[in-house]
Amino acid sequence: MNNMENKRAPSMWARAGVVGLCGLSIFALPGAAAAQASKPASRPSFSSKEIQMVAPALENYTQGLLLGDVWARPDLSPRDRSIVTLAVLIARNQPLELPFYLNRALDNGVTPGEISEIITHLAFYSGWPNAMAAVSATRPVFEKRKITSKQLPSANVQLLPLDKEADDKRAKSVDENFGKVAPGVVQYTTDALFRDLWLRPGLAPRDRSMVTVSALVASGQVAQITYHLNRAMDSGLAEKQASEMLTQLAFHAGWPNVFSAMPVFKEVFEKRQGSAGK
Amino acid sequence: MNNMENKRAPSMWARAGVVGLCGLSIFALPGAAAAQASKPASRPSFSSKEIQMVAPALENYTQGLLLGDVWARPDLSPRDRSIVTLAVLIARNQPLELPFYLNRALDNGVTPGEISEIITHLAFYSGWPNAMAAVSATRPVFEKRKITSKQLPSANVQLLPLDKEADDKRAKSVDENFGKVAPGVVQYTTDALFRDLWLRPGLAPRDRSMVTVSALVASGQVAQITYHLNRAMDSGLAEKQASEMLTQLAFHAGWPNVFSAMPVFKEVFEKRQGSAGK
Amino acid sequence: MNNMENKRAPSMWARAGVVGLCGLSIFALPGAAAAQASKPASRPSFSSKEIQMVAPALENYTQGLLLGDVWARPDLSPRDRSIVTLAVLIARNQPLELPFYLNRALDNGVTPGEISEIITHLAFYSGWPNAMAAVSATRPVFEKRKITSKQLPSANVQLLPLDKEADDKRAKSVDENFGKVAPGVVQYTTDALFRDLWLRPGLAPRDRSMVTVSALVASGQVAQITYHLNRAMDSGLAEKQASEMLTQLAFHAGWPNVFSAMPVFKEVFEKRQGSAGK
């Protein structure tokens, strides 16, 4: 969590004028620069200099605002920000940016096994082609770090216990609504998703929900946020963390997606009154 | 339709443990493996082994659940599943996955002319850049199979007869609503879309509607599903097939898009009561 | 604006039969062909011939309908059409098509500085990864035209004056709604967006709004169109221009996005009654 060591300069980013780190990788956090100098694995596609050749203001916002300020905000850890950002990139099928953010995630404490499960999870929530593109972007990152499949959750694992009562209720509601409309979808939603994928222990339920909510916001799919945000908070995501996910999402998935999601977050927070700030 | 020969093992996919086909192309259906061995045209981007290096569970789901189970479900033919999947990939601009699925489509009985018309159709429904990316991905596939433009519908064809009464009604409604707001859009909707593109005989009206509905679901555009799903069913798409499209779409465009579409499908099915199962 | 010289042939495009310009770049407008012959910078990915090898009808629509007719419509200038189209490509993360449309934009009078600001603007409205992909696609275009960062707005500029009363109202409304839900988003919306990014003088407020509205329509984000379309029209976008943006967007972002946006445009137009056609 060395990102947290960065001094925040909340009102200086926008007109900083001289950028402190010209020529360094735009993605290297100021505070992490020294550490990363000896980690050549984190190779971003763009240098500060390259961005300045097209959009000097963007380079300044990237260094001062995004990396110097947003990523260092206290209410969500750099590890969690990395998980949110990976979910956005996979959900929006932006594999070009993945290698850098994968390395950043590994540096921030996300394990290879968790990355493996995030990709598998999003095959269902963002579609198979998105997951396949993510596999392709991840393989060279794993190879360079000598991460082998022995470090990854196998296909055949001991599942977490099912909260059968709660899931029976969920299944009943889905079946009543859509059992006749789309029996295939309803069957797989129970058998493959909630009684298999969601119970895989390689990604904590709270993190799995955080990935799902991030993908929903990043794809403009507001209708299903209510269920999954409640599930995330039931699994331990604090309101402050959920709130701060929105800040991270605004920058990586764009302001409009976040403005569409905020009313839903608001309603969920209000209905859960009392759990705030935990 | 040799996919149908696969034995289904509905409840075994998830925890199959040992994957039966390690090292084979992940995209080669078990039942089709022998046939495809002599068809080097179907070259997927990833092998089972490569996926296992990043996400062993995803590899298992791909082999057992997606290819072994979903693609082999009876209510929608492999040909139709291929059309739905191509529409998803073009609508979501995922050209990297197209070459494999194009070959699979051709193997499943989709003709080169139909592929040509699907791409042209989606220029209008998913935007010109999506169609251009699809052209780029399709050309080498056609070349390798020695498919020439002589096998494709020419630009200048004898159009199908127009149901003038029905289309006058449609045009009148659109014009009353939006004639003043966007006269250009209204004009092209009639002249270029419904009285030209939709009447091209190279893609059956039922298939054209299936492509349109697939693109709408895959893009999260629920508002226009009602009109186009009704049109699809008027043109011969059975309710069971429409329902099973949702299963195919869930895996290729992600669960959230399908959950957003299901209420609309439900309403259309209910309003058409009596036509079920045709 | 030499595009305007093209003779329009409104009803001939669809069945033109013989395409007048086979073998020429599909993107070279008929009227601009001679001029562009000496500008090798405009290198499209595809030639007419290549498109014909996959989709002869699409090639015909591209030449006759899109380039010969749509881009030449009078109510929106080629410059503005270029801005709308760049916004679509960045918002939908389609960098492959960017180089051609960037060259076209520069030919149509969009300045390098405006392009720089469009990319920076969309980092916030479409997400950072979209902007980074746009930077990557733009750099070689700028290099080939010998555009250096000296021609671009620097990070540190004299901002336009703030309409403090109006923005205080906006900020108050956002804060009341979402101040507790997402304090980070609310803070950056004011500090980084409306009191910094939006006041950068390198892109006129009217154009900045046009970019924002285009990105919203192209991403299917209808909820925020009302605010930004009003802002665009307050800043000088005429109703006829806004209307014609929809035609341009239909072809580049797909019909469904435009059909979802039209009711919102309609409502905005009607509420502003009296300002039409200005």
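Order as written gives the chain letters A, B and C; numbering starts at 1 within each chain.
The rule is simple: contacts are C-beta pairs under 8 Å (C-beta built on N, C-alpha and C of every residue); 3 or more make two chains touch, one makes a residue touch a chain.
In this text, all values refer to a predicted model and were calculated from it rather than measured experimentally.
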Copies subunit A and subunit B - rotation angle from C-alpha fit, nearest 5 degrees: 120
Same or different residue numbers at the subunit A/subunit C copy interface, by half rule: different
Chain centre separation in whole Å, for subunit C relative to subunit A (CA means): 29
Residues of subunit C engaged with two or more neighbouring chains: 93, 220
Of subunit A, residues touching subunit C in the complex: 11, 13-17, 19, 45-46, 50-62, 65-66, 70, 73, 75, 88-89, 92-94, 96-97, 218, 220, 243-244, 246-247, 250-260, 262-263, 265-266, 269
Interfacial residue positions of subunit A with respect to subunit B in the complex: 93, 116-117, 119-120, 123-133, 135-136, 138-139, 142-143, 148-149, 152-157, 177-178, 180-185, 188-189, 191-193, 196, 200, 202, 215-216, 219-221, 223-224
